[in-house]
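I've put the structures underneath this note.
In the two assemblies presented below, chain A is common to both, partnered first by chain B and then by chain C.
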Partner chain A sequence: MTETSHTEEHQHPTADVYLRVGAVLVILTVLEVGVFYVPAFHTVLVPVLLVLSATKFALVVMFYMHLKADSKFFTFLFGVPLLLAVGVMVALLFLFFGALTLRGAAG
Partner chain B sequence: MTHASATQHHTSMGLDNRKMAFWAFIGSECLLFGSLISTYLVYKGRSVVGPYPNQILNIPFTSVSTFDLLMSSLMMVLALAAVQRGDMKWGKIWLFSTALLGLVFLGGQVIEFSEFVNKGLTISTNLFGCTFFVLTGTHGAHVTVGVLWLLTLWVRALQGKLGPANAMTVEITGLYWHFVDVVWIVIFTVVYLIQ
Partner chain C sequence: MSDARGLASWLTTTDHKRIGLLYFWTALAFFLIGGIEALFIRAQLAQPNGRLVSAETYNQLFTMHGTTMIFLALMPLGASFFNYMVPLQIGARDVAFPRLNAFSYWVFLFGGLFLNASWFVGPLFHAGILNVAPNGGWFGYANLTERQYSPGPNIDFWVLGLQILGISSLAAGFNFIVTILNMRAPGMKMMRLPVFTWMTLVTQFLIITAFPVITVGLAFLIFDRFFGTHFYVREAGATPILWQHLFWLFGHPEVYILILPAMGVVSDVLPTFSRKPLFGYPVVVYSGVLIGLMSWGVWSHHMFAVGLGPIADSVFAATTMLIAVPTGVKIFNWIATLWGGDIRGTTALHFAVGFIAMFIIGGLSGVTHASPPTDLQQTDSYYVVAHIHYVFFGGTIFGLFAGIYYWWPKMTGRLLDETLGKTHFWLQFIGMNLAFFPMHLIGLLGMPRRVYTYAPELGVGSLNLVSTLGAFLIALSILIFLVNLWRTRTRGRPAPNDPWGGATLEWSIPSPPPVYNFSVIPTITSRLPRWTTERHGPMRDPPATPPEPIHVPGGSWWPLIAAFGLPVLALAPLTHTLWVAFAGAALLLLGVYRWAFEPFEV
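For the complex of A and B:
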C-alpha cells in the first residue's frame, strides 16, 4: 500500500473561499461592535452577541482549520473537550449564580 | 489540493500522526481556556473595589485588535495555500504578514495593560483585575509563542528549507494560530462586549 492510498486525503478550500470567509468575519465583528453601541439592542444584547460569536468561531474552525473537509476524527478530538469545557462553564455558572439566587430567595 | 507526501508519518487510521497529536493538544487547550473563562465569569460583578469593567475597558481599541487578529488568520491560510502550491515568494510574504499582525496585537495588549495599571487596575486590585489579567495574559502568552513559531518558519523559508513537502508543518502552525484566534473571538465577546 502506498503512502498516498494509505492517507485520508481532503480538499482544502481555495484562496477565494478564504477571502470570502475573511470578509464575513469582518462583517460579523462590525455587527458585534455595532450591536454593543445601539441602545435598542440592549435587551437582546447577550443572545445576539453569543450567536454572532459562535458563528465566527464555527467559520474559523470549519474553513480556516479545515474541520469541514478533514477527517471526522479530528472533529471528535476537538469537539469532545470543547463540549466538556462548555459543560464545565455552564455547571459552574449554575452552581455559583444558582446558589446566589437561592440565597436571595431565602433571605 | 491533496498533500500526502512521503515524508509524513501516518497512523493506522491513515491520518498524519503530528496532526492528530496537535488536534489532541488543541482539545486540551480548550479545557485550559474553558477553566479560565469560567473563573472570569464566576467572579464577574463580585469585585468590592474598583476599577470595574465598564469604567476601564476600551471597546474601540480592542475592536481594532480583534480585527487585526482576524486578518492574521486570513494571512495564515493564504500562506498555507501558497506553500501547498509551491509559491514560496507569496508563502514568505503571508507568513511574515501573519507574524507582523501578531506582533501588532501583542503591542496593543501591552498598551492596554499599561493603561489599566496607570488607572489603578493590577492583578491584585480586585477579582476583576485578577481574572482579567490571568485570562488575557495567558492568551497573550499563546500569541507570543505563535509569533515566535511563525518567525521561525519564515526564517526557514528564507533559507530555502520550507517548501510544498513541508506543507504539513505550515498547516499545524496554522492550526495553533487559528486556535489562538478563536479563543480571542470568545474573550472579546464574553469579557469586553458582555459587561
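For the complex of A and C:
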C-alpha cells in the first residue's frame, strides 16, 4: 500500500522461535539472580546486570514486539527516541547529582 | 459525516469527524472559561492595590487559567484538527482505532470537568465555594504542593485531573501515530504527507514520550500527598528539585506539543492562499522533526535560577539558542512561500501571517531567556508572562484560528463570514499586542508574576491598565468570532468541496465529508495531488457516490463507560473512600472488557 507496508510482508516467527526466545529469557533471568550470589561478580555486579537486562530488552523488542520482522522504519522510530531517552536520563543523573560542576565553582 | 441524529448517536460515535467536532466545541468552551479567568486576573491588576479578588482566589485563578488553557483548550483544539483532518489528508476512512479515539475524547472531557468541578465543590470539603480549585501554579512546584504546605484538596484536584488528562493524550498519541504510519492511501509516501499531518506525527511522538515523564512526577506527588512517601520532602532527605527536572522534562516538549500543530496549520494555509507550493517542503518537515528531537535537550533553561552550575547552564543555554535555528528556518520558508505568490488576503491567511509575526516576537524574547545572566533578571517576572503569551497566544492561538477559518467550511459545510473574520483578526491582533507587549516592560521594571497586587510606587500602574484594556479587546474579538460561528450556522454561504483551491486531499471530497470520507480511496502520485505540477496533472476527485457499498462500523457505548471509570477512580483518594475506588475500577474494567469483545466490524 505505502512504502512502509511494502516491506511488512516479512515472515512472522513461528511458535517454536517464540518458545526458544522465552527459554533464553528464562536462562538470562536465572543468571541475573545467580550472579548476585557469586562473590566473584560483586565488583562488577552492576555492569553485568546492565548487560544481561539490555540483552533481555533487545530480545523482547526484536521478537515479541516484532521489530526484527517489521520494516526497518519502525526500528528507526523506536530506536531514536530510545537513544534520546538514554541521553536525557544520563544528563538528568549528572545534573541531579551535581556532577556537572567546574572544579572550585559553585554548582 | 454520520447522518444519525440524537444524543445517543453522539455519545456512541466513533466517527473521527464527529469526535473532531466534539473536541472543538469542548475545547472552545474551556477556552472561554480560561479566558474569563484571565479577564478576572487582568481586572484585578488594572490598577495598584486591586481589590476585586482575594490573594487566595487570585492564586486559583492564575493556576486554573494556565492549566485550562494548556491542557483543556490549546491541546484539544489541536486534537480537534488531528481528528478531523489527518484521516482526510492521508486518504483514510477513519483513524486506526476509532473506539480508542472516542475513549480519548471522553477521558479528556471527564478530566476537564473533574478539574473545573473544583471551583464549585468547596462546601463538600468544608470550605466555601471558589475555595478548593488548584492554587499552586500551572507547574505546581514542589514542595509547595506537599500536604504540609497545601493541606486542602486544591492540589489533589490538580494532580488527579492531570493524570486523567494524560491518559487521554497518550491514547490519542498512539492512535494517531499508527494512523499516520499505517493508514495512508496508496502512493501517499511520507514525503508526500501534508505538513500539518507531518507536524501532527511529530507532536504525537512528543506526547507519547513526554507524558510518561509527568505521569511519573505526578505519581510521586500523589504518593507523597496520600500515602506519606517523601519523594519531594526536603526534611526527609529528598530534594524538591527532582520535581522541577521531571516537570520541565515534560514541560518543554509540551511547549512544542502546543506549537508544532499550529506550525503545521500555517504550512498548509500559506501555500493555498499564495498559490505556490510550500517553499522547501523537506526542510520544513526536517526542521519540525529536529525541533521535536531538540526539545528534549533544553529543559533546564527553565531552571537557571536553581543554580545548577556553570557547565549545566552553559550547555542548556547553547541547546536553547540552537533550537532557534530550525524554528528560524521554518519562518524563512514561510516568508519565502509568500514571496512572489498570488496572494489572497483571506481571514485564514491574516491569522497565518499574524502567527509568523507574533511568533517571531515570542521567539526572540525566548532567545533572551536562553542567556542565563539575562534570564536571572527576567525569571519570575512579567517578562516571562509576556514571552509565553506571544508564543501561545500570538503563536498557537493565531495558528489555530488560521486553521479554524481554513477548515471550518470542510467541517461544517458553511463558510465563515470574511468581514466578521477580519474584524475578529484585527481586534485580536491589536488586543494581544496591547495586552502582552507592555508585560515585557512591566516585568523588566520589577513586577513579579503570580502576585495578586502591586504598590503604586512600582510605577507600573498605567502599563498594567493598558494591558487590561488589551485583554478586554481580545475578549471583544472572541465575542465577534462567536457571533460569526452562530451566524454561519444558518446564514453562512454553503461551501463547495474546495472553496479555497487547496492542494491536499481533504478538498477533493464534499463539505462536510460523507461518513466514509472517500467514495473511492485515491491513489496519490504527487505531494500536491490537486494541483498541476511540473510532472503531474491534478488528481481526479473521487466520484460523488461510491461505486460499491462501503461498510462503516457502528458506534459503541463502551469507550464512554470505560472513560467514566477514571474520574470515579480519582474521586476515591479525594474523598478518602475505598469503595469508590472499587466502583471506578469496576467501571473501567467493565468498559474495557466489553469493548474488547464487542464485534465492531458488523
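Following the convention adopted for this analysis, the second predicted complex is superposed on the first by the 89 of 107 C-alpha atoms of A that agree within 3 Å, B and C clash if a C-alpha of one lies under 4 Å from a C-alpha of the other, contacts with A are read in each partner's own complex, and residues count from 1 in each chain.
By definition in this document, a residue touches a chain if its C-beta (ideal position, glycine included) is under 8 Å from a C-beta of that chain, and two chains touch if they have at least 3 such contacts.
Computed from a predicted model, the values in this text were never measured in an experiment.
Student: Considering only touches as defined above, state whether A:Val80 meets chain B (first), chain C (second), both or neither.
Tutor: Both: A:Val80 reaches chain B and chain C.
Student: Name the chain, either chain B or chain C, that contacts more residues of chain A.
Tutor: Comparing chain B with chain C, the partner touching more chain A residues is B.
Student: Quick one: classify A:Val88 as touching chain B (first), chain C (second), both or neither.
Tutor: A:Val88: touches chain B and chain C.
Student: Should A:Lys56 be classified as contacting the first partner (chain B), the second (chain C), both, or neither?
Tutor: In the superposition, A:Lys56 touches chain B alone.
Student: What is the contact status of A:Phe96 with respect to chain B (first) and chain C (second): first, second, both, or neither?
Tutor: So A:Phe96 meets both chain B and chain C here.
Student: Determine where on chain A the residues touched by chain B overlap those touched by chain C, and list them.
Tutor: 3-4, 73-74, 77, 80-81, 84-85, 88, 92, 96
Student: Which chain B residues qualify as touching chain A in the complex?
Tutor: 1-2, 4-6, 8, 10, 13-16, 19-20, 23-24, 26-28, 30-31, 33-35, 37-38, 41-42, 59-60, 63, 66-67, 70-71, 73-74, 76-78, 80-81, 84, 171, 174-175, 178-179, 181-182, 185-186, 188-190, 193-194
Student: Going by the contact rule at the top, pick out the chain C residues touching chain A in the complex.
Tutor: 181-182, 184-190, 205, 209, 241-242, 245, 249, 293, 296-297, 300, 307-312, 315
Student: Which residues of chain A touch chain C in the complex?
Tutor: Chain A reaches chain C through residues 1-5, 73-74, 77, 80-81, 84-85, 87-88, 91-92, 95-96, 98, 100-102, 105-107.
Student: Which of the residues in chain A end up touching chain B in this complex?
Tutor: Per the touch definition, chain A meets chain B at residues 3-4, 6-15, 18-19, 21-22, 25-26, 29, 32-33, 36, 45-46, 49-50, 52-53, 56-57, 60-61, 63-66, 71, 73-74, 77-78, 80-82, 84-86, 88-89, 92-93, 96.
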